[in-house]
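Consider the two complexes below, in which subunit A is the common component and subunit B and subunit C are the respective partners.
Let's look at the complex of A and B:
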């Protein structure tokens, strides 16, 4: 991939907004990769947790928005508990989800979930899923 | 018959694992002249040494052998113990049965190791039988020091020696002391202004009664040896009488001609009569003769007219002065690799590509822009600045293989200085690794990134080119796996630190070693870091390799402490393992003179009563001789012998094998 680095993107309003709602300072991440190493689902992500941090540092929020990473994250907080700099990728991904959901764009349509699945899935999972995927 | 004792050490299991030490001791007992043998777990321990002393007394030994580790480790220990028991210390010899035997054999049946240890020990016994008692050599010491190079390392060394109450001559080739540190704006990791911490030391050096500053001077020739060096120093003509000049600066003011300022690295001009920078020490201007029309074509002379005390003399000539000193500290510092070598970065072709040192001048309040960051091409304040690290460093193909050690840190510093001065500017740093090993150094780099918004990109830059008044930088960010492009206004290159031009010539004058990059070699990189192989010559600072100010200062002080230790006694004792010439057989072919790597052999004439020279002879200067033995091998008439390793001794050892 070839990218052009622009100060306007690195310091863009959406990056600042994301930092504000997640409470995370993206610059603190020093790219050690511990989060990606410990994340139980990073192999399913199109962009691994540490790389999510990197693209955001470079101001490339669009790249991250296009990827499935924020929806794959299970919110287990492994990344946060392992990060030597105290960054929470979980919070950043939650922030990214919120920027989508608050526009009213649901990731899952509840009406489309098969009844059989709803009957078998544990209640807690369903509640958590609602929290994570719908506005 | 000699009375020899043999002590075989087990060195825990280091020797005993593959050598039957008891057997070695028993076998040695059978040799003629050997009256006492034993083996013991640790001969070097206190009980081991006690045992040795006691055995010498009880058995009236007149010589002893310790078969143990390398003589590098404990020769001194055992010789001291022998001396304490009343023996001449050189009657104690070591057989190395560890490094040269037990460690290299893996046969746990001990067969090989034992036989070899027996052979080695027997050889040493035969050598010992031919030993003659030796006495330490005493050399008188002149208690004055010479420091070459007036950067921070040299200044520190000079100040410490002077504070120790000894005279110092500080030779600096530029018109002012200060070196590269005088160019810096602020310094990592504390960000104190370089001039503010350096100039007090410069002034102290000028005012200290024990220090003689010889600026605009260079060492021409060095003769002699530790404690007794004779040095010729060339004092280049300043065309200004240093004694009478008041430093008023009238001459500089009135001089109508300007030329490139070497101190400002092409960013500004200076007058033909000049001091390199405002706080120069001494504050005496010099005339740059090749550029002065008065000196070249007898036109102008304005400075001489305005000079109140009339101290300008256009006819002044270079002078050679001779000084006698006992020790020398070399602190000649570094320079930067010329960036022109790296075409891909556009240096020299694109005006707004500058070096890190030039950036220091832009950031310095006494620099050409008064401390405002303005780019060279049009004087505009750059909004996007790209810093490129490892330019020439860690580049085996086009540059040098080593890491320049300070550029990671000063680049972080540059991004901070830039942010502090251009609040809305954005800095980018291309790096391969960030090397910030040092007290509070890592935190410093993190601060540049987290607090001062430097955007660090892991990767090298492959192209820098100009387009519509912008400098386009193309490189990689391996962390995101992308090729990146930045439209920059200025590019700063962290170029490799290299040795001074002429470092090799000076080393040859001094007789000290240097590596393939012409950095001076320390005696031992870990344990003797400020000594050279030439006794009495010490090193400090970046003439040895890249380092920062704290390290340079520490080395300056370390070298000074070595000098003061040397000066603490009137005479210096040296090991007597030196060569000697047999006067009756020497035929003055001078092969030894050519062969000696330390220039320790002199030509001596023998005169008759009328004073006519009847004969020439080689003579070894014991002060200089390092006992390497090259002359012994070179002499065709077998007239040179090495005390402690005479031919007789060596042959006795070989014959017993």
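Let's look at the complex of A and C:
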């Protein structure tokens, strides 16, 4: 696969914004893959955690935004716990989610959440789900 | 000894048996969990983006209320513990953020409260020896898998309750109760957490991995410290049984129910009837009841 790297993409405003709100320096990642290995949901992600970091290092934020990875991340911090460079992919993915949610775009429509779930699930699941999926 | 206690929203309703069994166990051991006079939901998730100060205001309010009632705060739910402890660290160590958050919630809180999980209270304030001495109904012969999940342990530098990869606090408590702790590979892996809202398949897979991993290592019982872990494991049970050859299910209870059981509390006070999987056949088989 051939990709075209552009300085404007690598140093784009969206990449700077993501680094600022997530508090993470994307360049620290040296692609050891520990995060993808430890992540309990990487099998479900269209772009695995270590690949997310690589895409972003290369300025390919649009590709990452299109993938399901940020919505599948459970925030368990196994990636951060096992990263030899102290990067938190979970924080980067939360930064991407926040980029969407802060524009007022919901990932889950509250009206579509099954009533059975709202009635039977522990409150913490509902509150946490709203925080992760609803603006 | 009287310790200020934050139940959190889930223990006040959905996980009442977690709350009540802990309070009764504390009384049996000789200390009181004194519920905060005023408290609110902690927000159920610590914001992973450090600029998201608004999400810290709810837990900051809880901590500020706790500060008016003592220098320590204990909680049972792993998520509440994670959110409160991490927020407290931000308030203690970051002057600028502290000023902003205090200004918003109209309080003057400095981060001086010591946030302890109930497990830490038992280990460090009471001592597992004293817990052991209070045991009246040892859980002898029950091979028990302690399921830590994520929020109790990670991130290590903020939580610090135990080693994040090889924790022992839970197993040591189980030993004090007379049970046989079983270390299993998935004991620190995620149950699927809030994906319960929109991705049942992932939750069933992850929770199933936890339960089959425990049973594969010999566990006959799993104990949890988080109502969401408890819910996800229990809710996945039937689907995992039908999709996993050889797996017939495993009872999942809160660790405080196991504690109350060992301390000789009346069985009917432990709330086992609220658990999805019935633990009674196992207890009868082991001659405990």
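As a convention for this text, the second predicted complex is superposed on the first by the 133 of 135 C-alpha atoms of A that agree within 3 Å, B and C clash if a C-alpha of one lies under 4 Å from a C-alpha of the other, contacts with A are read in each partner's own complex, and residues count from 1 in each chain.
Quick note on the criterion: a residue touches a chain if its C-beta (ideal position, glycine included) is under 8 Å from a C-beta of that chain, and two chains touch if they have at least 3 such contacts.
Just so it is clear, the model here is predicted, and its values are computed rather than measured.
K.L.:
So, on subunit A, is it clash or fit between subunit B and subunit C?
P.N.:
By the criteria stated at the top, subunit C and subunit B fit after superposition, with no clash.
K.L.:
Answer with first, second, both or neither: which of subunit B and subunit C does A:108 touch in the superposed model?
P.N.:
second
K.L.:
Based on the superposed arrangement, let me know which partner A:127 touches: subunit B (first), subunit C (second), both, or neither?
P.N.:
Only subunit C is touched by A:127; subunit B is not.
K.L.:
With the two structures laid over each other on chain A, which partner does A:98 touch: subunit B (first), subunit C (second), both, or neither?
P.N.:
second
K.L.:
Going by the contact rule set out at the top, does A:22 touch subunit B (first), subunit C (second), both, or neither?
P.N.:
After superposition on chain A, A:22 lies in contact with subunit C alone.
K.L.:
Once the two complexes are aligned on chain A, which partner has more residues of subunit A within touching range, subunit B or subunit C?
P.N.:
More residues of subunit A are touched by C.
K.L.:
Could you state the shortest Cα distance, in Å, between subunit B and subunit C after the structures are superposed?
P.N.:
21
K.L.:
After overlaying the two complexes on chain A, where does the subunit B footprint on subunit A coincide with the subunit C footprint?
P.N.:
Correct list for subunit A: none, the interfaces share no residue.
K.L.:
Going by the contact rule set out above, which residues of subunit C touch subunit A in the complex?
P.N.:
Subunit C residues touching subunit A: 8-10, 13-15, 41, 43-45, 47-52, 55, 77, 79-80, 150, 154-156, 164-165, 189-190, 192-199, 202, 206, 209, 227-228, 230-231.
K.L.:
Contact residues on subunit A for subunit C in the complex?
P.N.:
Residue list for subunit A touching subunit C: 20-23, 40-41, 44, 72, 74-78, 80-81, 88, 90-91, 94-95, 98, 108, 113, 117, 121-129, 131-133.
K.L.:
Can you list the subunit B residues touching subunit A in their complex?
P.N.:
383-384, 426, 428, 446, 449-450, 453, 455, 457-458, 477, 479-487
K.L.:
With touch defined as at the start, can you tell me which subunit A residues reach subunit B in the complex?
P.N.:
Within the complex, subunit A touches subunit B at residues 1-5, 7, 10-11, 25, 27-28, 30-31, 51, 54-55, 57-58, 60.
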